[in-house]
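Below, chain A partners chain B and then partners chain C, in two separate complexes.
Here is the complex of A and B:
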């Protein structure tokens, strides 16, 4: 019994760290400027801000962790998908590295699906039907998930004006977000093929900060940062 | 050999991060692991093999104080996620009273692990878990000849766990925060066990357990909600803060172009405009979160940074004195000092050694002996003169771009410091920090504090390694 009691005592009495004490601890942390530069460079490169990355290399002397030339190609591919020119995007990816699509059937299917969506959007019904039956249906036979996706997409053909489609899951295929989704998937695959992480480090570190703060909350009351953008220290809750 | 001429040791050097481009000084944190049984702690009733990995009981096992217990030679290392070791029962002897567990430094070698305070034991005869008393709690199955059992500490979860023949049993809260030693105990005639501190492959797959633990943590981190475009705002504020003007222009242009396309990113950016900027700063529309303080003297800071980047130190000094006359004051002498050192470095770089010597005599000598950090930089600068090829000398770091960055950042901080609105807030003399820096400090401080509250146990969080390393640098 006494053991249980001690356990409860420990969890209920949180250590309180005042703002002053915490600020002292913060000032003892060593942060290297070059690490921050690298973090910013990694963000610019991964998100595809190629010009900004070039300028930053020049202004800060930070070396990018990837050949900047490849960003331009990657962005061209991304933009092609975002503009609905899927065939063009596929061609560009294959120029870049044919293995990307060869080794990634799901991505290839999503690109073909996007191509079908674009045909339907453009009102090319016959062409869309032909494409669906010849290119997509055989893949659907191999994979049940692909088949469901195909059926959902073909449903768009049932509406003269697809914007009147009552089924949300079908209608949203025509949204800009669908293009973004396909573009992001392709972007990530290209980055992975270049042995680069597909996500920038900064957002993960921000998530890690939120997580670390939540973890510490269980043991102590201390000044949190809730507003990440302005990085303002809150007063500790007591 | 250099050390003979240098009055400074390495630890002193590492303290002056502010003035100089950092040398690589990654701290060592390899902890020594237990490797064998510590025969100095052995009970009288044990015979230990020459490799100190096998123990045999030689007592009678008649009462509670003739246990043959023995610790490992070192405590379980704690700056990590997990520690684990195993024991195989070679012979259960008469009664199979073998035990595995952890004990603290007050361990008694005549008592089973788990019987005494601050100890944990998993016992073979009854399969019970003992913690700090002579009575055990139902825990797992017993173990006997041919069985391999293991004991581990999960520092992340603060739990002790045991395994039996490769299967993990449940974890128990580790209330003992002091150092714990791997310990085994034997207590009936002819018992014989062999321990494995990792010299051989473990029966239990500890690697997978570690991966799962990391995976759990990684998923928990990934599930944290992030305000959209937070990264964009933070990057933008960073570029403003340090006066990376060209980068900023290119970044804004790219974001603006994206908004013309109606892309998701820029829509999200618009939503997260802090209130005061909806109206724009100085009449211009800014695309995302920035404070007035970040905008302060941007044109001046941008120009100063460019001058330093191009090696034009005189230009910086002239501009600074014109724009900020207070730079001549004693309080700001460090900035002048840094700039003069940089000028010296630039002269050495371009091979104007005689001019460099003249500069040292007229403008640098007077700074000697004022403060240790300054002396360190001065010492290294002057040492450049000793080498025919300074770019191959130990001081070559001074000639790299990174040192210009150090000076440019210091000048930038000086200018930001002249911002009257910052002064009113009362920043008690701390250099102004970008949001990114504040966030990274907070991140590190949270990890340090949590580890401290766990008794200094668990992995050490190293931001530098995460940024340098692969996907997540172990995190």
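Here is the complex of A and C:
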């Protein structure tokens, strides 16, 4: 009974921590420079900034957690998809590691779908139809979800100029965003095959910061970080 | 786009070019084939038909140029990925020795490509497992665990994981230092770690000795690393670490100090993994089954976390992979093995989805217990593992008397189970027999189904199987079938089984069969004198067979024989006299009768309890021969022995001895015999 009472008392009058106290506490927390550098390197490597990673390695002496050569390969694959050269991308991935597309039917389907989209974009109608029939239809038979996506893609052929297609979900397939989506899916699969996490660590750290601040908001008033880009400490609300 | 849209080139020509004399043409052909078949099952099958595989393997076997070797190894791997036909085709082409040899190739690219192909092959159940223990292959794989290239080390662990299916294989690997090498890989990258956990799980499965070794390895550090990994970020790592620890816990219960906390953690981790997509989710139910096996406390905790409902939900889903379905059924079977509440919960689950779509007014009638249909379907599943698991599940459910009377009565279970006892797979037969054994216990509806069908003939047939597990389980089922059965059922079973066959089973080379056969006789001669009479038919062959087992050195077997005698001795005067004769003739033959020997046996008080019961039954009810029996028992030294037992350490024995002596006293008093 008394416990509940105290709890209610506390929630009604939140503890206030001033900026000075907060900064003093913050300065007491020691974070190793090497750890910070590794976080940065992890970001550069995962996102594929190979030149920046090389420079950063040179300047800070931080070892990348992956062979930088593999980043170049990965980026070449990604770029090929972004430029619409899907077949080229597929061959490159298969040289990198044949397991990736062999064990990932969904990704393989999306790449084939992208290939079909590129054929349609280039106006190669006959080739597109043949490709859809030869390569994509059997995948559609294996998996119902693929069939629906295939039907949506083939719908592009119904319009002389697909960009005038009235159905939003169909027209979207021709957007650059579709290429980006396929490219990121492929990028993530390559990273996973290299025993590397597919997302950099920094964004999840930021998410944890936001979560922790939200938790703390219920108990105390403190110098919050609202501007994540500059990480400025706000004055506590009293 | 490249001009040569490869999907458009003629496959026949490509296959031909695989054997071209020109290196460049060969390389182009093999690369094209590889790029066409990766991810494409249809293409794989059509190239296999065109005879591409032997040509691809030929390149691996005889070429020396790195690009050719890499491409052909990759193509082999792709052929072996995803289709059984592909695995068969590459194995038939004799690829295995070449791949193994190439693992040691100085060029890392070649070694890596071969490692990946080998991994694909060993992913399939068709992979030749015991072949890997020939020659120096095991040593090679163990050496490769420390290979600088991650893929090579990974595949070595994966292949080891798939190969050790027998205790001998497990031990051979451990003796060659496998455990230590695998444990040191736990610190590696995620793939290496998972491969190592996979292999450690395979080594500890049902192996107490190796489980103990893992617990003690590096002063417990190895075990601590595995325990840490159950909370890893990767769901597959969490699953594999749980698999390892569940195997260790099952093989070696209470093997380490913090075990109960670890098990509790694992339970909630596995419960969450059930919903995970991919391998982690598919394997989670089976690991959960192993975790809660033989642990009632954990079974309760799992039930509290709604495990029964969650697992049963998978039974309703369509297209659940066989391995997952097997795990789900095994999980349910473990959860229902002891807890009546869980059994009830599983059988009472209603199909709420169909309820929502059906007419509300008629709903109470339409609501049918949902698991019945799914269980019956699982009993008819094409995959052996699922059938075994479904039988195990029915067996657990049938442990409840209430369920036998109500939910499981319908013929829908009995018929498919009877079909399964003729299944081509001995594992399925054995498990189906055990389930039948439970289901036929005591209750008439099932018994009538068995009587109507050729169930008895099938069981009798299996009771003479070459496989002793099948023999044991068939006899067990027949034994349960005879439990409290009426005399017509007993007559029919004995007529079909025949007394000489039953005598053979009582003297079976396997003790577990003997024990079941003796208890079958015990059920046979339980009850009315008509029932008892059967042991003396055919010139008393059966009685003699039981008599021989009274002096079996194994106390549990002798005890069962004694129970038979106790049933006989509770019959008519004639039956009592037959036992009396047996006691006296054994006294003559070896100076101490079997009865006295039981009374003097200190190994198991139950032996003394039943022996005293026999005496009580010999004296009750007091028939015409009673005074002569009292005299004869005294001459055989039985009465004196009873007097020595009035202060027996076992309370049960003590009170029965007292009853027996009081009866002696009463009889003497009536007959005016002199007291001692």
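Things to note:
To be clear about the criterion, the second predicted complex is superposed on the first by the 229 of 238 C-alpha atoms of A that agree within 3 Å, B and C clash if a C-alpha of one lies under 4 Å from a C-alpha of the other, contacts with A are read in each partner's own complex, and residues count from 1 in each chain.
Note that a contact is a pair of C-beta atoms (placed from the backbone, for glycine too) under 8 Å apart; a residue touches a chain by one contact, two chains touch by 3 or more.
Here the structure is a predicted model, which is why all the values come from computation and not from measurement.
In the superposed pair of complexes, A:148 makes contact with neither chain B nor chain C.
Here chain B and chain C are compared by how many residues of chain A each touches, and B touches more. By the touch criterion stated above, A:52 is placed in contact with chain B alone, chain C being left untouched. Using the contact criterion defined above for the overlaid structures, shared-chain residue A:204 touches chain B, although it does not reach chain C. By the document's definition of touching, neither partner reaches A:67: not chain B, not chain C. In the superposed model, A:234 makes contact with neither chain B nor chain C. Within the complex formed with chain A, the residues of chain B that make contact are 17, 21-22, 173, 175, 220-222, 224-227, 230-231, 233-235, 237-239, 242, 244-251, 253-254, 261-264, 272, 274, 289, 291, 305-306, 309, 401-402, 404-406, 409, 430, 434-450, 453, 463-464, 466-468, 470-472, 475. For chain A in complex with chain B, the residues that touch the partner chain are 6-7, 15, 17, 22, 25-27, 29-40, 42-44, 49, 51-52, 54-56, 58-61, 82, 176-177, 180, 197, 200-216, 219-220, 222, 225, 228-231, 233.
By the touch criterion given at the top, residues 1-2, 5-8, 31, 34-35, 38-42, 74, 77-78, 81-82, 116, 119-120, 150, 189-192 of chain C touch chain A in their complex. Listing the residues of chain A that touch chain C in their complex gives 85, 87-88, 90-91, 94, 97-99, 101-105, 108, 118, 127, 130-131, 134-135, 138, 142, 195.
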